[in-house]
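Shared between the two complexes below is chain A, which pairs with chain B and chain C, respectively.
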Partner chain A sequence: MGQVLSTFARIFANPNFYATVLAVTPPILFAALGCAIAQKANATNMGIEGIMLISSFCGVMASYYIGHTNPWLGLLVSIIVGGILGYLVSFFAFRLKVDIILVGIAMNLLGNGLTAFFLYVFTGDRSTSNSLQSGTLPQISIPGLKDIPVLGQILSGQNILTYIAYILIFVLSFFLFKTKLGLRIRAVGENVNAAESVGISSLKIRTIALIISGMFGGLGGAFMSSVYLSYFTKGIVGGRGFIGLAACSMGGANPIPAALTSILFGFFYALSGFARTTGISDNLVNMWPYIATIVGLVVYSIKQTNDEKKRLAGLNAEEEPKKS
Partner chain B sequence: MDNFLVMKDITKVYDNGCMANDHVNFSARQGEIHAICGENGAGKSTLMKMLFGIEQPDEGTITIKGKTVNLSSPTRAIEEGIGMVHQHFMLVPSLTVAENVVLGIEPTSGLHFDMNKAIEMTEEVCKKYNFNINPRARVMDISVGMKQKVEIVKALVKGCEILILDEPTAVLTPQETAELFQQLRALRESGKTIIFISHKLNEVKELCDRVTVIRKGKTIDTFDTAGVTEADISRAMVGVDILLEVEKEPAQPKENVLVVKDLGVYNEAGKKVVKGVSFSVRSGEIVGIAGVEGNGQRELIDAITGLHVYSEGSIKMLDKEVSSENIKGLRKLGMVHVPEDRMTMGIAPKMSIKENMIADKIDDPRYVGRILNKPKEIKEDTDRWIEEFKVLCENGEEQINSLSGGNIQKVVVAREFTSYNRLLVCDQPTRGIDIGASEFIRQKLVEMRDEGKAVLLISADLGEIMNLSDSLLVMHGGEIVAYITDMEHLTEDELGYYMLGVKRMTPEEIGGALHA
Partner chain C sequence: MLKDKLAALNIANMKAAQKHSILRMAVSIAIGLGLATVLILFTSNKPSESLKYYFTAPLMNASYFSFWIQKAIPIMFTGTAVCIMFSANQFNLGLEGSFLFGGLTAALTNLYIAPNNPALGIPLSMILGILVGALITFIPALLNRLFNASIMVVSLMMNYVCLNFSMYLLFTYFKNPASSKNTYPWAKDTIMTLKFGRGNNQFTLFLSFFVVLAVVILAWYFLFRTKTGYKLRTVGVNANFAKYVGINIVNVAIIAQIIGGMIGGLGGACEIMSNYTNYSWVELTGFGWDGVTIAIFAKNNPKYVPLAALFLAYLRTGAMVMSFKTNVQNELTLVIEGVVILFLLAEKFLSGTYRKMIVAEAEAKKAKAAKEAK
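For the complex of A and B:
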């Protein structure tokens, strides 16, 4: 027991650990932010995992075949493909009126099958496109910051897409809460009749929200194949889309809480990575992020129920004195 | 200007063949408050939906200031200067008042949504028309009366000339209603035309300049309210002045079937809407429940029929606690339910008449064998019921939603009354159906009573409830405020006082509703 504790103490004392937390969080964060904007329009983007997978694959293909392993081209293609897939979700769910959860499930199944199939077609390899390099996006050292001990070690030298991920938290927050379109998205999500009755097209608003959501998925996909790895491998997303979905709902579909929850999950990802090197069984360690998700959802649900109870108690307390 | 707004020969037939409006004519002047009165299902709401562009008329024209307009959507209607305050508020709870007010016409500065401008716009309208609202408050935190003001401001900020209010006082307290009326009068002074939909005749008399009465999809007449009495309007609404009284002997009540004791029920929003209600229903009597809609009757009935949980007190059906039984268990005990909303709760619209009649009897070995249905027996009995309950149809195999409302209700009644029953819970059993079907159902209810069934009747039709009930409970604000046993000497006026909470019996008198 003492030995395990000291192992953890060593991990937590290591600045590299915190740098890793920040480095492994972005795909979850992109997914969570993407889900958040869709959720605000009351359009659950269950298919985020599949969107990430397909856009990641397309990005690698584009960068290898067209861009001579230019990762920037891959990134651009990933974002575009993500946006198109987001549009598809909206088309099926709101124009053809298929249940949006089913569309999401279909998207995830499609993502698995389609990428595995085309991977084989293009490379003749069933699991990785190791032969198709996508190139990696550059890391950035932040002048000034990088020389500060510990903090510099943690914050500087991350990948550019990592920085973009954290910046996007605030961009999305601004978009949702401070712009006209954000206001409309929230109105449609909360009371679609109210929005329609003042002439706002819920179809249009939800389509926009899902396209942006898909683009976030595209960013997450690109991160997997051009930052995390430099090629595509089967099932590369590994449930990060779903974990992002969980983080989004635990954050009440608000960008900042959703981001904090994403970082918490990132923490467990990093921890499992570090613990692996200390001789704790791989199988045990690999479970941690997922266990954290389940525990997180339970805690969130209990909190929600309590808050609701408190709100109702407040309402009734307010009612009583009015009578007397 | 007499023809500020003219709706001429408006006809609307819904997909199910229901003729909601049949050559309706309506016109309003600038700067008047014009009431539209009619019973439930008379076609008032349909007419207003067409004026606000939610529905389009099949025939007829709408002209505003002499110009024919094509109101193809609410957006178009808003552009033509029409605003509507819906019965169910069209507000986004988590947004502020100002954000709700400017939704659809949001001011921006650069990328930003301009919150200050939104507040300014809201305050400007509030000041101009003397509304007292805090534009920064979140809609979820404000009272119902306040929400309604927000709805009105929302219409005004878009520059509406014609304001439609659909049953605006249904959700308001008397004080809020008085304030609303004051504001509506002020709006009239500033030249707005207000269309006021209501079936509260005293309010129509008090507030409106003119009233148009619609009955069964047709305009009956337009009166100056000053020249008519409430009784005149009500006669025009109902049509014939006479209510066909159902003949019945005095009740012979026996043992308690349903006993409700100190019942407390909370609605979805967590508000206590049924407060300490106690009464019993005995076999061989019809107990009526009267009250203005929204005073707890809905939740009370849902609790009794097992559709809504209750947290305080007890409901016992033949000595069994209702909350510990599921719906099937309740039906086994003999509780049957004719629900208020027959289209969603009463029937499966796409199934046949016969299937609907048999739907609650699929456990009965008479109709269902070990594996397969027994079509012969089903046909035999359903054919008999169709005849007995006078359902007008071809052969009972057609989809039930091809029938008229009255005939659909007869099917529901036939199903419920032919099941094993000790207690019949009938919620608005004759709402919106023709006189013939209504008479038939009322007759049936009395017959069932005479057979020794207990009947709990909820009805907004005062004539009906006064005629049928052997004793009457009146609900107001979630409580029983009167228990009336002397039905013969009860007048509508007196009942009205109880319903509006003006009069109230002593706790001892009300306690009489619970029989030992």
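For the complex of A and C:
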């Protein structure tokens, strides 16, 4: 027991650990932010996992075939493909009226199927695109910051897409709470009828929300195949879209809480990576992020229920004097 | 008079609805298979051979036929399980975990509790598989009941917890040291099958096929012929209505999920005893997700599950044979499934035709009534 504790103490004292936390969080974060904006319009984008998978694949292929290993072109294509898939989700869910959860499930099936099918068509390999050079996005060291001892080690030298991920938390937050379109998205999510009655087209707003959601999925997909790895592998997303969905759900679909939850999951991902080297069973360690998700969700739900009770109690208290 | 007219119109509507639902099913499947054909034609180096295997392989010989049935059985289990859970509108996706643990439980039962004794091992494995499977879908249901935590998210996470925990058990305690990821074998040959013939003409009789048929029939009886089943469907159709007529919707939801998990666990146990002689699952089987597809195809009615499962398994067997005979990947089937689901469920898809059908049918009725009046 003492040995285990000292191992953990050593891990937590290592600045590299915190740098790893920041580096493994972005795909979960992108997924969580994508789910958050969709959820704000009351649309559960469960297909984010499939969207990430397809856009990741398309990014790699575009980077190799069109861009001559230019990862920026791959990134752009990933984002565009993500947006298109987001539009498809909204088309099937709101135009053709399929239950949106089932659209998500179909999207994930398509993601697994299409990527595996075309991976073989394009590369002749059944599991990876290792044979195609697709390039990776650059790392950035921040001048000034990089020379500060511990902090520089943690914050500087991350990938550019990692910085973009953290910046987008605040961009999305601003977009949702400070712009007209953000207000409309929230209005549609809160009460469709009320929104429609003041002339907002819920169909249009939800479509926009899902397109943006898909673009976040595209960013997450691009991260997987041009930062996390430098090529595409079958099932590369590995449930990160689902974890992002969980993070969004725990964060009440608000960007900042959802981001904090994502970082918490990133923390457990990193911890499992570091603990693996210390002799604790791989498989036990791999369970942590998922158990953390469940525990976190329970804690969040308890808090949510209590808040609701308090709110109702407050309403009752306000009403009482009127009666007397 | 008016009443009669309305009644006539209603029947007309029902017939049109039925016809339309068959039409929509046919068109969706046609779109899916059409897409498959196009993809094969464009990517295969031997298109005609690929197509031949894809569409007819399961009927080519006894071995492929057996393979078809083998593929249909697990998804019949999970499809039935999802039918029950979705009928109560509970999006519990924990069947992957139930199925995996059902399999692990059966393996361990045959290895350590009833070694070399299939007569005891098979029934005992099934019972224990049912219990373990139920436990796994019960956890999200319970957390939802107690703390209002999202069933969908918790059950998704449960699957990964189950996978990693089962791998921990396998690698730490039960692995055969001489192998990379297998337990010791519990028998020389699979214990729930009877095999006849050899090579390509080998026909396999799966005892689990009879088990799953019994499960399907029981599930149908439960959903459509018992009081609890009726309550369950009522909760699924309109939870508010159910609440106001005094149904305890929370209990009904939990019952639905427990039954779903039981069937999933049983499916896992049968799968491991039908097709394996040692346990070596190191990834999720995917049968839980397939269950969702099957339940969608079967419109949450266990009656149609065997048909849906046989259809899907037919395509998969064809794709499998095609992928090792020619250069087309068998994941093609997943694409078809996704496309068919989307069109099959699209309320607005072909809705214009539906309206026309209703009008035509009503006009026909009217004309007939006018004729009779004369």
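Rule of thumb we're sticking to: the second predicted complex is superposed on the first by the 324 of 324 C-alpha atoms of A that agree within 3 Å, B and C clash if a C-alpha of one lies under 4 Å from a C-alpha of the other, contacts with A are read in each partner's own complex, and residues count from 1 in each chain.
By our rule, a contact is a pair of C-beta atoms (placed from the backbone, for glycine too) under 8 Å apart; a residue touches a chain by one contact, two chains touch by 3 or more.
This is a predicted model, so every value here is computed, not measured.
J.: Of the partners chain B and chain C, which touch A:G182 in the superposed model: first, second, both, neither?
T.: In the superposition, A:G182 contacts chain B only.
J.: Per the overlay, which chain contacts more chain A residues, chain B or chain C?
T.: C
J.: Which partner does A:S6 reach: the first (chain B), the second (chain C), both, or neither?
T.: A:S6 contacts neither chain B nor chain C.
J.: By the touch definition at the top of the document, which applies to A:A195: first (chain B), second (chain C), both, or neither?
T.: first
J.: On the A-aligned overlay, A:S249 touches which partner chain: chain B = first, chain C = second, or both, or neither?
T.: The answer is second: A:S249 touches chain C but not chain B.
J.: Using the superposition on chain A described above, determine whether A:N306 touches chain B (first), chain C (second), both, or neither.
T.: It touches nothing on chain B or chain C.
J.: Kindly classify A:N16 by the partners it touches after superposition: chain B alone (first), chain C alone (second), both, or neither?
T.: neither
J.: Could you please specify the touching residues of chain A with respect to chain B in the complex?
T.: Going by the criterion above, the answer is residues 178-180, 182-184, 186-187, 190-191, 193-200, 311-313, 315-316, 319.
J.: Mind listing the chain B positions that touch chain A in their complex?
T.: 73-75, 78, 84, 86, 88-95, 99-100, 103-106, 108, 111-113, 154, 158, 266, 269-272
J.: For a test of understanding, state which residues of chain C touch chain A in their complex under the given definition.
T.: So the residues of chain C touching chain A come out as 39, 43, 91, 143, 147-150, 152-154, 156-158, 160-161, 164-165, 167-168, 171-172, 289, 292-293, 296, 327, 329, 331-339, 341-342, 345-349.
J.: In the complex of these two chains, what residues of chain A are touching chain C?
T.: 46, 92, 95-99, 101-103, 105-110, 112-114, 116-117, 119-121, 126, 239, 242-243, 245-246, 249, 281-284, 286-287, 290-291, 293-294, 297-298, 300-302, 304-305
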